[in-house]
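What follows is subunit A paired twice: with subunit B in the first complex and subunit C in the second.
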Partner chain A sequence: MKLGRLKKRLHTQARREAMWALVFLSPYLIIFIIWQIFPLLYGLWLSFTNLDLLHSSDVKFVGLSNFTRILSDSFVALSLKNTLYFTAGSVGLGIVLALALASAMNGTSFENRWVKWVCFIPYLMGASAIAIVWKRIYLGYSGPLNELLMAVGFPNIAWLADTNSAMPSVIIVSVWTMLGFNGLILLAGIQNIPSEVKEAAMIDGAGPWTAFWLITLPLLKPILFFVITFAFIGAFQAFGLVYALTTGWNAVYGGDPLYHTLTYVMYLYAVAFKNMQVGYGAALSWLLMAIILGVTLIERRFLGAEE
Partner chain B sequence: MKIGRNPLEDNDFSRKKTTLSNAKSPLSTPSTFFGLGSVGVMRILGKLSLIIAGLLILFPIYWTVNLSLQTIEQITSWNPFWFPVTPTLSWYQAVFSKANIIQPVMNTLIVSISSTVCVLFLSITAAYPLARLRFPMRGLLFTIIISTMMIPEQVLIIPRYLMTYRLGLLNTYAGLFVPYLGWPFGLFLLTQFMGRIPKEIEESAKMDGAGYINILWSIIIPLCKGPLITLGVIEFLGNWNFFQWPLIVINDDNMRTLAIAVFFLQGKTRGAADVGMIFVGAIFCILPVLLIYLFFQRHIVGSLGQLQMKG
Partner chain C sequence: MKMRKLSRRMFLRLAAGTTAAVVLVGCQPATPQAAKETVTPGKPPAAEMLNLVFWNGIGPPEGILMQEFMNRWENTQPNVKLNQWTTDWDGFYTKLKLATAQQTLPDLAVIHPWRIAAYGDVAFKPIDSLLAAQSPITANMFKDVPWMAMQFKGKQYGFPMDNFLFALYYNVTILQNAGVNPPQSEADLVESANSFTQPPQKWGFAHPSGDGKGSTWDFTAWLAHEGQKGYISEDGTKAAFNNAAGLKAAQRMYDDEYTDKITPDPSRGLDSYQLFLDNKVAFRLGGTWEKFAFDSVKNLTYQSIVFTPKEPGTFGGSHNFVFTMANGDQRTKAAWDAATWVVLNCDTEWGIRAGHIPALIKSATDPAYLDASKNMPGHRDSVPYMIGLPKVAKLDEVEEALTSSLNEMFLNTKTPKQALAEAEAKVNAILSS
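Our next item is the complex of A and B:
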């Protein structure tokens, strides 16, 4: 009798708790469903339609024709090629430099703390400010970079305007912005490695270089996996930085010179928001999603297999 | 554990001894460089190169300040001036008188602050039940919400634009930040932290008959001060620097955020005599970020650990 009443009381209390949970959750859930779940499904639907806001506002289901159009769109191939170039360059160079930086700033001396403090600043700067600064640095003739290089005998190079040097120049800016972020995460990983392990190796006669290859790097693998994945996802979706660096304020497609720095997302942006071919743009964005998820899974298999 | 397979780990004492002496031999090599050993020279070179690396990282910011203080003749001269020989503040006056930079600064402040307040409110109210209350399907709901962090932002941009357009929110403050409020990062950050607070802390308050709102407000929130500051700073900076979305939803000059206004300032000053204004514009973008970094460095860099968990 008494037990039954207690059970009932507990039951009503659980119901009260669940009710309050719903009250607390509802503001976020409403926003989440409207701006996170609905756009996902809406975008998927759009990718099977011919919605083109410049010409008419009526939507027709066109099956897979947007996706077959992707296959024959030479701009897709071009922008994917550029994006791969950018991603390989900025992730490859970025991770190597970040590893070197992380090893170098592991410590508490003045110069360690100085670099640790400084290296994160570029990561916090916005794309348009970064672009303004670096455009001046890369400027032909009156830019400081060329001034220095010409002083030691190099020819003048119009870094961002030359078809060969434009992408490497953009990659260097991207590496500069991400260096601190990647470096600090890798540093945290390096500091998590117990110092006894490294000391034991040193006592066994391993030099710092050997210790790095045989001890630090293997133990760093899970964090390295995270940093590479994160860098890849970011680089493959590159827009703001590349756009602001290589696209005039009145350009249509952008990616100057002559589409050599037109990334996939910049093309997607042009299709959806300049040409207003929303349906086709949505299809392009879903291809991007497939690529990113696919590569992340493959990477996880190769790099994160042990963890 | 992984080193167990490694040939470096060898328990044979005699071998250890020989390799130890081998390793030490380069240390004993004498050197005459200012009376320092070769190791000392290397150490000083290492210190110097790190300090120089830091200066190189900062160089682009220095260059912006440098250019913003030069006259038009110096900025456009054939050979660059490495420091402002005759510093002038005329560009700083020009952005107020000619470019009306106050408007975009105010727009960006309004949007960044509103967005931060909304995200804090939504994240707190959603993280509390997910971390500390019991209700059916809690785990499933959390998994669904968090898994949407995997979706590349670009997939959501086109539908979000159409929704913003149909709701009449283009060229409005709400249109600039409301579509991004569903991003579950804040909720994730706070749920992790709230979940670690011991249950006993709120038991006594419950005994006294305190309601859930009361417990959340007077017990949980004060304990979450650190992550809340982190989240607030990240959200503010994210909105301050936001580039792609404002570029898409704003085409009214008066509604532009600072980042976009400064980007378009380049077009306005192209070939004109006002080119120095864009450097001042860039400084306006960077300065608040630097100040926030100075004050909240610990919170910003500390949040990297949270990001790690996400991966």
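Our next item is the complex of A and C:
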């Protein structure tokens, strides 16, 4: 009898606590549902319609025709190709350089603290400001980069206007922007590795490179997974920086020169907000989500954090 | 003194009460502040003024001149406050689309004639009622070509300020030094351009786009040169460029780069517009708006002729005033007053300073304008031969589809025939969707 009363009392108390927890979580839950779940579901609905904002009264349910349109849309293929190129370049090069930077910063001297601050500044700058600065650096005839190249005997390069160099030039700017941020996260990961492990490796005769490759890198796997995933998602959704760097005054889709820097999100933006075809734009955004989710799951399979 | 211990239950109640209070206070409607009264000297208080909104997509430098004209009109109106927004065409049309969707349109705007297919009746209204109501302007004050360009499905949707178009610029110094006369035909042009070409720095011919991309303006000019009026059928339902005229036009553009090699490779980023300014290009198919830049270069002597006199045909358009008419009679009347005043009082000056060809007959024949444009007779004489972009609602999509295929041709990844066939399929799919 006493046990039953105790159980009932505990059950009532647990329910009360759960209710209070819900009360305190409710502001966030309401905001989450309104600003995250509802737009997601509404976007899914829109992707099955032909909504054109200029003729919104003519909206109709069109089933999967937006998704079948994606299959024959040459701009989708082109922009995906450009996005993959940009992602592979900026993530690949970015992670390698960030690892190198983190390894170099792994110390506690006064100089290292200043290096950390300086490296982080680009991450704090807005995309438009970065684009203005780098467009000036990349200027064809009078930019400082070309002046330096010509001073040492190299020819002038149309960095952002030549189809061969435009995307690599954009990748360099993207890597420069994220280097400090990625480097600091990896530095935190390196500094969390117990020094005894590295010391034991040294005692066993491992050189610095072997220790890095066989000790540091495997132990850095969870942090690397986070950094690579974060970088991949950011690169695949690249818009602001690329748009500001490459789009001319009279462009609709942008991606100059000759669409060589047109990314998927730039095309999605043009479809939804310039052509006002919101239904088709919603379908494109769901495809983007599916791609990012798929790649993240594959990445987790190979690099995912161990429990 | 013994401090009273705060129990968990009390803490939770206090926290819940505080959160509720914050939410309630935050959700209260804001107390309207008294509007700060702005007083402009010589004008009545803000509350009594008529606020007129004008959007202008003609970016700098000519756009600043248009702003100046509108300010002059505003100074003649004691009861009007003019709100002007001047930007580039891409930003302008993006914002115009959003404003159309939300019906928050300006009272007055400037648009290109081919845009009326997307905005006619959805955003801007026919002007017949305004023309009939003792208007200071009438149709016969304007040249035929720009006036009729604003007609769509039998209605007049606005009136023009000017014409802008391509003609063939040539560098007078280069031709004089070579003892060569300006070309009279396409064959002459190619032969002359060949003689001047010494890559990588000197070129015979420059296409209209600085980066040489396959712009539809360029293609439309070459199509007109072949005698075809535009690249979409007259009823606006299908592509009309995958034919003999289209192939000749595309082949010419391709041959300039790859066969005759008289124009720089666009994919290498050589800016042929800059090269013309630097006296390194003999001929350039260019627009009236380039006069501004050309006149600012000290050692550049240029002249324009019809493209080409024996086979005239070119691309052209106009800047046109359009009216919302959804914001009440008073604002519509003020917008009409502003636009007609600017055209009647500033059209000649617009031609002189902006380089475009005035739309009013009296301005286009004004001696001051003729003197200021004496080195651009080709542009003035080409007005009867100009063809604009097609008037279709999905013009942006159609343009990008055609441009992407023409770019493949410029990159030599497709032949002209393949590029046109691919573009035709894409454009027809867009027009039929």
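The working rule: the second predicted complex is superposed on the first by the 268 of 307 C-alpha atoms of A that agree within 3 Å, B and C clash if a C-alpha of one lies under 4 Å from a C-alpha of the other, contacts with A are read in each partner's own complex, and residues count from 1 in each chain.
Just so it is clear, a residue touches a chain if its C-beta (ideal position, glycine included) is under 8 Å from a C-beta of that chain, and two chains touch if they have at least 3 such contacts.
Since the model is a prediction, treat every value here as computed from it, not as a measurement.
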Partner chain(s) touched by A:Ile172 [first = subunit B, second = subunit C, both, neither]: neither
Subunit B versus subunit C as contact partner of A:Gly140, first or second or both or neither: second
More subunit A residues in contact [subunit B versus subunit C]: B
Contacts of A:Val59 with subunit B and subunit C, given as first, second, both or neither: neither
First, second, both or neither for A:Ile121, with subunit B first and subunit C second: first
First (subunit B), second (subunit C), both or neither touched by A:Trp286: first
Partner chain(s) touched by A:Asp162 [first = subunit B, second = subunit C, both, neither]: second
Partner chain(s) touched by A:Leu84 [first = subunit B, second = subunit C, both, neither]: neither
Partner chain(s) touched by A:Leu93 [first = subunit B, second = subunit C, both, neither]: neither
Touching partner for A:Asn275 - first (subunit B), second (subunit C), both, neither: second
Contact residues of subunit A, present in both the subunit B and the subunit C interface: 20, 24, 27, 141, 248-250, 273
Residue ranges of subunit C in contact with subunit A within the complex: 12, 15-16, 19, 23, 59, 88-90, 93-94, 97-98, 100-101, 118, 122, 211, 213-214, 266-271, 274, 393-394, 396-397, 399-400, 404, 407, 410-411, 426, 429
Subunit A-touching residues of subunit B, taken from the complex the two chains share: 2-3, 6, 8-10, 16, 19-20, 22-23, 46-47, 50-51, 53-54, 57-61, 63-64, 67, 76-80, 82, 121-123, 125-126, 128-130, 133-136, 138, 141, 145, 148, 150-163, 178-184, 187, 212, 216, 237, 240-244, 248, 259-260, 262-264, 266-267, 270, 278-279, 281-282, 285-286, 289-290, 292-293, 297, 300-301, 304-305, 307-308, 311
Residue numbers on subunit A that touch subunit B, as the complex places them: 14, 17-18, 20-22, 24-25, 27-29, 31-32, 34-40, 42-43, 46, 101, 104-105, 109, 111-112, 114-115, 117-122, 124-134, 136-137, 141-144, 147, 176, 179-181, 184-185, 188, 197, 200-207, 210, 214-215, 218-219, 223, 225-226, 229-230, 233, 237, 239-240, 243-244, 248-250, 265, 268-269, 272-273, 278, 281-282, 285-286, 288-289, 292-293, 296
In the complex, subunit A residues that touch subunit C: 20, 23-24, 27, 53-56, 72, 74-75, 78, 140-141, 158-165, 248-253, 256-259, 270, 273-276
